[in-house]
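Per-chain numbering from 1; labels A, B, C, D, E and F assigned in written order.
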Amino acid sequence: MTTHPMKLVTVVCEAYAKEAVTKLLREVGAHGYTLFPVEGDGSRGKRPADFPEFANIQIEVIVPPAVAEQLMEKLGRDLFPRYAMVAFESEVRVLRPQKF
Amino acid sequence: MSVFEAIQANLLSPAVLFFALGLIAALTKSDLKFPESLYVGLTIYLLVAIGFKGGVAIAEAGIAKVWLPALAAMALGALIPLWTYPLLRFGGKLSAVDAAAIAAHSGSVIAVTFIAATNYLKAIHQPFESYATAFLAVMESPAILIGVVLGKLATRTRGGADMTSLKAAAHEALLGRSIFLLVGSLLVGWLCGKPGMAKVEAFFVTPFQGVLALFLLEMGMVAGRRLEDLKKVGPFLLGFGIVVPLVNGALGVWLGKLTGLELGGATLLGVLSASASYIAAPAAIRMSLPDANPTLYLTSSLAITFPFNITLGIPIYLEIARTLYS
Amino acid sequence: MSVFEAIQANLLSPAVLFFALGLIAALTKSDLKFPESLYVGLTIYLLVAIGFKGGVAIAEAGIAKVWLPALAAMALGALIPLWTYPLLRFGGKLSAVDAAAIAAHSGSVIAVTFIAATNYLKAIHQPFESYATAFLAVMESPAILIGVVLGKLATRTRGGADMTSLKAAAHEALLGRSIFLLVGSLLVGWLCGKPGMAKVEAFFVTPFQGVLALFLLEMGMVAGRRLEDLKKVGPFLLGFGIVVPLVNGALGVWLGKLTGLELGGATLLGVLSASASYIAAPAAIRMSLPDANPTLYLTSSLAITFPFNITLGIPIYLEIARTLYS
Amino acid sequence: MSVFEAIQANLLSPAVLFFALGLIAALTKSDLKFPESLYVGLTIYLLVAIGFKGGVAIAEAGIAKVWLPALAAMALGALIPLWTYPLLRFGGKLSAVDAAAIAAHSGSVIAVTFIAATNYLKAIHQPFESYATAFLAVMESPAILIGVVLGKLATRTRGGADMTSLKAAAHEALLGRSIFLLVGSLLVGWLCGKPGMAKVEAFFVTPFQGVLALFLLEMGMVAGRRLEDLKKVGPFLLGFGIVVPLVNGALGVWLGKLTGLELGGATLLGVLSASASYIAAPAAIRMSLPDANPTLYLTSSLAITFPFNITLGIPIYLEIARTLYS
Amino acid sequence: MTTHPMKLVTVVCEAYAKEAVTKLLREVGAHGYTLFPVEGDGSRGKRPADFPEFANIQIEVIVPPAVAEQLMEKLGRDLFPRYAMVAFESEVRVLRPQKF
Amino acid sequence: MTTHPMKLVTVVCEAYAKEAVTKLLREVGAHGYTLFPVEGDGSRGKRPADFPEFANIQIEVIVPPAVAEQLMEKLGRDLFPRYAMVAFESEVRVLRPQKF
């Protein structure tokens, strides 16, 4: 069975950034996403996730490489300065490339 | 009972002592932690219970008694950000967006403080108008909206984007989960009236104070984690977080008297004016004014105003009311 | 009290109003959301409480009174899918697997509707047999099993695989979490009897109605999200979701009378026959008939039958019982 | 009432029957599962409630009555690991670190067993000193600390690392979440006294037994999953898990009498000595003696000692007390 | 320390598919898996995870490349048509290849 | 926008190992981490995550390649023998390499 290359973009951020991130995903044309409730630690302190203010999420989205680049650029420009956030991309392979 | 005795009685209530225990848990770095869903569950319970009880009280009292002081409460919610903004901007030399964010918070209200105040009044047998919950329900939205508009006006440069985030702020201020639950339960209580209350009293009223004590344990932990930020906010905000509630508290009591409330209700309106949200307002502000620094407004409302109010503030606002009504 | 007044009294109960509030939350896209663990916690509480109470009631009444109507309830659970299947298949022109899935749902029961009915009867001071919970506990499994067998027979092509998924369906139908909790707590209540009840009453009985109100707030939100699927299911299923419960309700009341129940108990058996599961059945069906379309059976049971029953249905089944018993 | 009747009454209580239901759920592989946050919520509730109640009892009784038996309880917590360690090491031929871990567990206490015992005493109308909760609060830390030190001494080879993990163990033993909650709520209850209790009684006292029943359902599932490990632990630990609690139980009752407790309080001190933690102790041991095998100490305390105590043990310790006091 | 190449197969799906997916994992011979409660959005609508019907999970499994291929094939053939589901594979490196 | 290569180290382990793992992360100099509450199945049995003893976590950390190697080595040597644990590394790309 042939698989096709795609990019997986992962964003870890404070929960209050959820709206901003998913809005961006819609803008660049992603067809879906997966969201994880997480805890974390980073340059902006511990996020033990027991209270909205300290809640943390991870959002993963599979997109074609061109979209990934656009997404990373906008994340870095618009959201990194405003929110506790980390983002990275990696290579994955999927079965139905037209889905993403 | 002297003010001093009143304060002591308040400090030795389970609610305040559990709050202190939460502070200690945070400061000793105990691994005690409430799961988020427990926090959410407690919040839902408290808001539904207080809203429902208030709605039943409105049904009992009749809307005729409620509308005028409720309107006054709304006006107060809108006015407080308008007078605190210039104070913060020019007195505190804060950036426009930070001043707007903090101003929105001082106009906003927090259910926990209100609930603690009603429990306190009940404990010392001071009667009060139970429909005062209606004021709690209507004060938050205007404060947040005015605060966000102030912030947007001060930073209008990118045009278009502003309208969408203003709309988002309005959605959050009117339909955000805590306001929705509170206003919705108020309406349900109003429609049900006494017969409805009879059915659900054993769940929403009888165990209420105990649930509040548990919730304050959690709030103590959350506030405790913010305590070290006190150093970061500087002396101006430290003073602001205590003096402004006192002024707003007096204002609320006075307006309560003016609009025909009894001593107990006026005290509660004072408590509401004095309180500052650390749940609904931060969520709305973080989404619509993301450039404002959360350390400033959160520390001010959560680590200064909130502990001050539930320990010393409540008995003081009652004392102010007593002076005004005597 | 006329049917009209009865319906009005039901609509103004906290439970139904909180359900409506949940619907509004979903329709206005408020960000209100219950954490899943709160949902699970409420479910566990309701099932354990209702099961335990029913078990104590059986211990009080003696098994001699219970076994005959309980057997009738089981038979009813098995029969309903058998008569609704051909209706759906040939009347509604649905595929075999979808017809089987929806048929299984109409035979199944849902605790919340049952609980709402007992609360309603209590509110209007209509006595009923508390051991009716036993019927709730035994009706679900036969309905699901018959539904799954119908679906498998209609789609038998791959042979071997069918047996394993039939076994999975049986495991789910007999040991799935909601049935296990209900039947288990019933047995515990039965063994404990009155002395056991005295110990846990303050937790499992007194606050029960309030917890139900909170749960219905959540159910309103879940049903509200399904409302837009109403367009997708077509007029046949819309009618099916209201008319079939009425028929089954009448059937249940009649069978209740036949097997010696009083008016209250017969009404409850009617409510059970009329209700359709949207929790246990979907889980079992999704696992054993994954080719059935969830939009059809879920919309039918959750967005049509359930709201109909808790608002209009319950008073109607009572009225049917009154007619039959007069 | 004979021992036999006493045991029967205990076995038919809702708490024990729900525990059995949980066992069955685990053994029949039902998909019933409590979400972790529900487990945490129940634990927090039980610890806060029992601690608060105990604190109020101390305020009522006066510290003069409490300090001596509390000191005895602490000594007992420290002594039990010291006598069980050589037994495990040389009698059971266990490795040093496993012996130390199991010894720490036998000295430790578990709130659920204590609570079940108080409920049992209440049910059979046997009065007891409510401030016995203080003993629950102070026995755990010494047992864990002694156990960890024994384990470290026996395996001291890497020098430096030991001190840091000893410190971690001390932090866990003194500030770990269950001990913190229990001791903290005890202090809050002590400071509040009767007037505070009046406020929160409806939440922390009235529904308490029902919450315990629900919690034991969960504990049954957890213990049930450990049952198959019984084969792995061998006959020595099987016997150890039943005989050692009996010895420690008698020791506790005797020490209770010596330090001036009434029959009820001495029974509770016996129950505490006999019980073994399966929550706080495993967490502390896993972090400070990670080389100890959890299967051994967990199976022993959770799948052997705990079920034994809540079914047969509690009535037996009472009988021992009756013999001693007659 | 030498690390060895393995495949990480990730499946995001409605919670009701859990049995079907873990059964498949056993069939292809996986030795373990990790399961995340997640929220999501995709072609079959929002899954806010507050109710069993809307619950979503992510299952991750580390397997040798040959097993990954088999697994992806069976997922695509048997489960994709029936459940809300997304699957992808990526390259990872582990210390103990015999464990997987 | 240029992205930079980093390593993502993923550790899945019993919850009681949290302290041990985060201590190790501090020792090797990681600047943050993300923690997921998970369920799992593996050689040490099912971890349904309903009770502390059966709780499972996944910890993800982005670090420079050299740190990743050190981390994997210490995990394998000090923690694998003591805790239910799985660890693996993969390649990711980030925007701000100095952050990690």
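What we mean here is this: contacts are C-beta pairs under 8 Å (C-beta built on N, C-alpha and C of every residue); 3 or more make two chains touch, one makes a residue touch a chain.
As the structure is a prediction and not an experimental result, all values here were calculated from the model.
Visitor: Within the chain touch network, how many edges lie on the shortest path between subunit C and subunit F?
Guide: So the least number of steps between the two chains is 2.
Visitor: Among the chains, which has its CA centre at the largest distance from subunit F's?
Guide: Relative to subunit F, the chain whose C-alpha centre sits farthest away is C.
Visitor: Going by the touch criterion at the top, tell me which pair is linked by more C-beta contacts: B-D or A-E.
Guide: B-D
Visitor: Please flag the chain sitting at the greatest distance from subunit B, going by CA centroids.
Guide: Ranked by distance of C-alpha centres from subunit B, the top chain is E.
Visitor: Taking all residue numbers at the subunit A to subunit F contact, is the shared part over half or under half, that is, same or different?
Guide: different
Visitor: Counting only Cα atoms for the centres, state how far subunit C is from subunit E in Å.
Guide: Taking the mean C-alpha position of each chain, the two centres sit 34 Å apart.
Visitor: List the centre-to-centre spacing of subunit B and subunit E in whole Å, with centres computed as mean CA coordinates.
Guide: So the centroids are 46 Å from each other.
Visitor: As a quick test, compute the distance in whole Å between the mean CA positions of subunit C and subunit D.
Guide: 41
Visitor: Pull out every residue in subunit F that's touching 2 or more other chains.
Guide: Within subunit F, the residues that touch at least two other chains are 36-37, 90-91.
Visitor: Specify, in ascending order, the residues of subunit D that touch 2 or more different other chains.
Guide: As it turns out, subunit D has residues touching two or more other chains at 33-37, 41, 206-207.
Visitor: If we use the touch criterion from the header, which chain pairs count as touching?
Guide: A-B, A-E, A-F, B-C, B-D, C-D, C-E, D-F, E-F
Visitor: Touching residues of subunit E toward subunit F in the complex: what are they?
Guide: 1, 3, 6, 8, 22, 31-37, 62, 90-96, 99
Visitor: Taking the touch rule as given, give the residues of subunit B at its contact with subunit D in the complex, in rising order.
Guide: Residue positions touching the partner: 12-14, 17-18, 21, 24-25, 28-38, 41, 119, 123, 206-211, 213-214, 217.
Visitor: Flag every residue of subunit F that touches subunit D in the complex, lowest number first.
Guide: So the residues of subunit F in touch with subunit D come to 16, 19-20, 37, 48-55, 82-83.
Visitor: Please name which positions on subunit C make contact with subunit E in the complex.
Guide: Listed in rising order, the residues are 33-36, 39, 168, 218, 221-222, 225, 278-279, 282-283, 286-287, 290-291, 294, 298.
Visitor: For subunit E, which residues count as touching subunit A in their complex?
Guide: The touching residues are 10, 12, 36-43, 56, 58, 69, 72-73, 75-76, 80, 86-91.
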